[in-house]
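Chains here go by letter, A, B, C and D, matching the order in which they are written, and residues are numbered from 1 within each.
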């Protein structure tokens, strides 16, 4: 359990430290170290979980089970690789004069703040604290979205702030309702603890829980980016600094979905109707389809990939909603591979827009000829995210498709349509950027592409074979969520 | 042992891909070799000198290319051996590789059907590996890095081989998509051309949609069984409706890859722009893998085929065959033409396969086996001659830097070897007797003519009509390839490039096609070899082989019974030789009649110019008039007028634009629809935060209303 | 349910609920920013009263902390901050003309009914008082959203946002006698930080578009003009 | 022995072909009130041509010189398949009717290539037209033949003829249609009026003649002979399939002699009909040919359908 406290403590120190000294020249490297230590702590935590099974802290304040342990490691990992990417990236931005010392301090401090919020969301056992942490994540990142202080970025940040704030307020209402339902059957003190709620789920009033779930879904769903609550997402992703987009897409959305799924487990325990699942399926499918169409109309490279995130979150929500071991397993896997792939893509996207000096896709051309690594990274990343094997995204989409065919065959044409359209939307934009001749005045930039290679390598590995411990966690989590395992 | 050979083929192709990555790593290799010889200084003196010679800067690229293609060749050889071995052994091998999902390792099964397609791939890859080193040398390393080309070629080949090995849906799809993606990168290889990018995009998009359809097809089967292994899927008990849905999905998916009309459009876009040896593999081999998928899916996994599916295949095949050859005829780009001709041949294969299904469901397993055999035989033949023709086209492109048939001409004198090889290809594809194309077509006719055994009147009248369409296709194909050969090799040269063209220097570039041409001829004469191999496939898959096809001895081909039909290519060859020799001898014995060369007849207008010749468009004009509705023809004649009253014609420009019907009828509406929908959907994102809040509000109210 | 039969606490809570609801309505129809802020402070005060009352009646000391928090934050700090900003930015003279005030008010009223309708299933498990209180807090939340949707001033959006928070707070006190302490503190912290951030944003928005009208924040759209 | 007879039959086929052409020309001249040349004039022409020195265009390739031999051999091979005077000969088992069509295609393929080889406009024109017409004629012909082969359920010509013989005289509607279709196709394929005119060298109407315009000497002889052979082949096909009576079923000298006489008689009559038709009908425009051939195809199809609907056993 010490590991868990450590995981929370390190970013907390980070916030304070960088708030004071974030403008120094080697802060980027220091940030990497902070994240690296954090990753070590999470790995330690993971080993503990692997050896001892589910961990519950003494005050029951923290719960580490197979469902969140891998997300914690993933968070730390993506946090680390993104910090590796952000170090030269931010240095470059500072050279260009886009940033001042003060803002760099803010950036690094809030980076750690965001990581703290993420860890807290995942580790906490208390649904209220989860909400607080989720709101904290919004607060930490909202100033980062407007870091460049351009009118667009301020607008995006404002929208992000208001929409997510209002949205997440609904989630609090849902949490209060949940609490209300819980205090009627259990003791007041521990009634918001998930582990307690989960044990008593069958005693809870299903009607209240269903209403509570609606609020939760709308609330956290805003953060997941479910259509039609998604409007903030492309704006925030496109206007903030790219490392931020990478962690937003790779981590924040996952964690919001994590929160929804935790709640769904409670609702499923209380009520025997599939209402929660059906709502999630509906939202998931809608997001997936609408985002697929949105992809076709994008002009900004980061907006493009943020819509792709919406699309994938839609798939995951859909799969979680469908329930069943296969779909749940697929959704868990998809969370992992999507995070890895999408953050890798954002890294290359960041460098690509630095190469071209713009985020406008019309002006980015011939990346492979200009800087082959960035070009190939973007292309391969897109291939991976589009769901081509042997990358892991394929595995999860394959399972989702098969599960859908099994349970809701009449939905498969929609899935087929959506994947096809989304694919076309992505590639019609990505291809011209990476291929073709090098335009005038486009030169390579200093870039560290190890994160991309590592991420894509991992995704490839997950596509070819899922390592034993991960498979074990996935199947345990599947058991927890859906009641049976696919094994 | 045989399984090891099969794995070896995969590994070698994979290794060749990885080796290609070493193109930029000469220093690393040099360091490695020095380290190696420093550690073990005593032995390998000879090897050391050779290796270090190769690693010198001047020799390195060539040596590496040789090595990469050498590995590919080994892979091909192993594939051939493995394929032959499993077909002769008539035994299926299974294995598991501990990759994949935790509860689903990759299942491997190598049986006669896989073996046969292994053989096809092996031959194709073997020919390409001979041809490749010479061909790719022309690429500028800075512009078109060999590393990418070699890597994806290796992956492409290993992907195709893995598809054949796969014995569960998941592994199958991984291998399938590996094949698609790798070939996508190959199509996009020369990506500075917009045509390449467009083709690659279209190709990948259609591959993706097709793959999804296949996954769903597997999904249907998996819904009725417990697991994704093919063994489990075979056990699936499907209702007739679901089986048909699965079939349609499979047809969509595999048909998209195989290129049946109207889902063929990626083919004529992608094949012309890929490097020629890759187009050869794609057209000659990859389409066969799609065919394999369909056969595996329908005959093996679903099991009991319905005759209605056969009718669907028959119709789709007929349309593809006719459409393919008609479109092919109108093309002026040689590789595009060949691509359309692939559509035609795939159509023929599908037709025959459809016949086989019809017979199968009507309780005629023997005739089903005949049709099945004819289909596979044609697939094999098509692999040979299409590979040959694409490699030939590659030579032409390599030597003349031109793919436009209308700008070639007279190359038979400048490129004698190439022209002979190409002629063999043209004759095979036109299904002329003595060549392999004819044998499979003959078998196809034999299958169609057995229609008398059926009870269903509709089928009885439909199949002969299809047979006549097949005849029309064959005749049109002959016309088409007369055009191809005539325009390219005969007549007078139509452009400067062709004037300066000469035969290729690289022996390998001729060796590859020669191998294929030789096989085309040999199999045309001794088809029994392939048929006996195929009998093992049919025996394993359908449980039915052809009756003793050797009743008349190995010289004869009598698929049903000697009474009904027989064909003996060796005898025909002998007879032809006798007739030819006699006439030759008789007519040339008089020394006074030595041939004299003179100017050709020019109607007294003073010399022929190349522009007087019939061009492609002129040659096909009668067809254009007769089958006017098969294309969207945009013909324009512009006249430059001059002189008083504008009465003198100074110059005439003729423009002809021919388009596939499927674009404006099918694809453009879809593209427009998506764009329009996307525009509508885009209106959600108004930019006004109050609207967004409104969405959120409305969603909340709606959901609350729903649950309460 | 007869109000005469309830104890004094319940009666007081119900009255306060009615007053909170009323303040929400008042805010919804208010076009002047300073008055809006004032009504918001009033609402905060009512919440403080409620918390204190609940703490007193139920003998629940940690609700006193909630009451103090709410007093400090929602009655004093946030209104003060908003007021200062509005005056600084010379926005207090802007009168926002609501286009269809009647419709909005009617909509608000129907929202109240809707809240009762939605929460009606709960009635089986709980006292009607709770239902009333919950319904009022839900309608405060919804009215807060409606306020944001109908007003164009950024300040009004912040007020709406905080009003939603008020509704939640009210629900927490009435229905469950407050959340666990750690959550309460966390929420209060979040609200505080949010308020500060809003202050920062007013400044940024003002400098970037020279106005606080959120309708002018519309560069990021995807509609073909 | 059988093989000997088969070779003899083929030789006979090749030898008689010019005679048929001569007879046809005779009939035609008579019908047109012209003085007819000798019946053996085609032989004399051929001999004359073989003694001449062939003149070949300067830029002609090896394909141009080899094509006549190939064309001739392919046509001879086709002739081996078709029973002329006797059925059940071994050569007809080595290849069936589909192979025969294949031989025709083979010959045509090379003839068309040869036409393109020199690079004159005429050659290209002839090749293009020839390929067009034949690609339309081929399906029609197969349709007609399929009717027969389905009746006899074999594609082996010899067996099929046997089948018709054994059935005796039966009125089959399908045969009527097939016969008509085959006649139409034969006219088109052998380049007779109204599709093509073998005796014209008018530039714009030539089809077959345009392709071989550059040939002379022995090459021309071979090609001429091959086309005479083809004419005879079609004649024999029509005669022996639809009116097989008289053909030898045993290999006695008597039977063979009768067979020979019978076929000569049948061909003579057929030639008269053909000459009559050529005299009465005018040549049609090139782009009417497709209508003509689609009519043939339609007839073939009708034959097939009437076989399936009216005659089939079930």
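The rule is short, and it goes like this: contacts are C-beta pairs under 8 Å (C-beta built on N, C-alpha and C of every residue); 3 or more make two chains touch, one makes a residue touch a chain.
No experiment lies behind these values; they were computed from the predicted model shown.
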Output for shared partners of chain A and chain D reads B
Which chain has its C-alpha centroid farthest away from the centroid of chain A? D
Which two chains does the highest number of contacting C-beta pairs join? B-D
Averaged over CA atoms, how far is the centre of chain A from the centre of chain C? Could you give it in whole Å? 31
In whole angstrom, how far does the Cα centroid of chain A sit from the Cα centroid of chain B? 43
Whole-Å separation of chain centres (CA-atom averages), chain B against chain D: 36
Taking the mean of the CA coordinates per chain, how far is chain C from chain D in Å? 99
Spell out, as numbers or ranges, the residues of chain A touching 2 or more other chains. 158-159, 162, 166, 170, 211, 234, 294, 297
Counting only residues that touch at least two other chains, what does the list for chain B look like? 679, 682, 685, 689, 693, 696, 700, 704, 708
Using the touch rule from the top of the page, what residues of chain C touch 2 or more other chains? 118-119, 121, 145, 148, 157, 214, 217-220, 222
What are all the chain pairs that meet the touch criterion? A-B, A-C, B-C, B-D
Within their complex, state which residues of chain D touch chain B. 50-63, 65, 69-70, 72-74, 76-77, 80, 91, 93-96, 98-99, 101-103, 105-106, 108-109, 112-113, 115-125, 127-129, 131-132, 134-140, 142-143, 146, 149-150, 153-156, 159, 203, 213-214, 217-218, 221-222, 286-287, 290, 297, 300-301, 304-305, 308-309, 312, 314
Chain A contact footprint on chain B (complex, rising order): 98-103, 169-170, 173-174, 177-178, 180-181, 188, 191-192, 196-197, 200-201, 204-205, 208-209, 212-213, 215-216, 218-220, 222-223, 228, 674-675, 677-679, 681-682, 684-685, 689, 692-693, 695-696, 698-700, 703-704, 706-708
Residues on chain C engaged by chain B in the complex (per definition of touch): 114, 117-121, 142, 145-146, 148-150, 152, 157, 214-215, 217-224
In the complex, chain A residues that touch chain B: 158-159, 162-163, 166-167, 170, 210-211, 213-215, 217-218, 222, 227-229, 231-232, 234, 275, 279, 290, 293-294, 296-297, 368-369, 383, 386-390, 394-395, 398-399, 401-402, 404-406, 409, 412, 415-416, 419-421, 423-425, 427-428, 431-432, 435-437, 463-466, 468, 471, 474-475, 486-487
Of all residues in chain A, those that touch chain C in their complex: 126, 128-129, 131-133, 135-136, 139, 142-143, 146, 149-152, 154-159, 161-162, 165-166, 169-170, 172-173, 175-177, 179-180, 183-184, 188-189, 191-192, 205, 207-208, 211, 234-235, 238-239, 294, 297
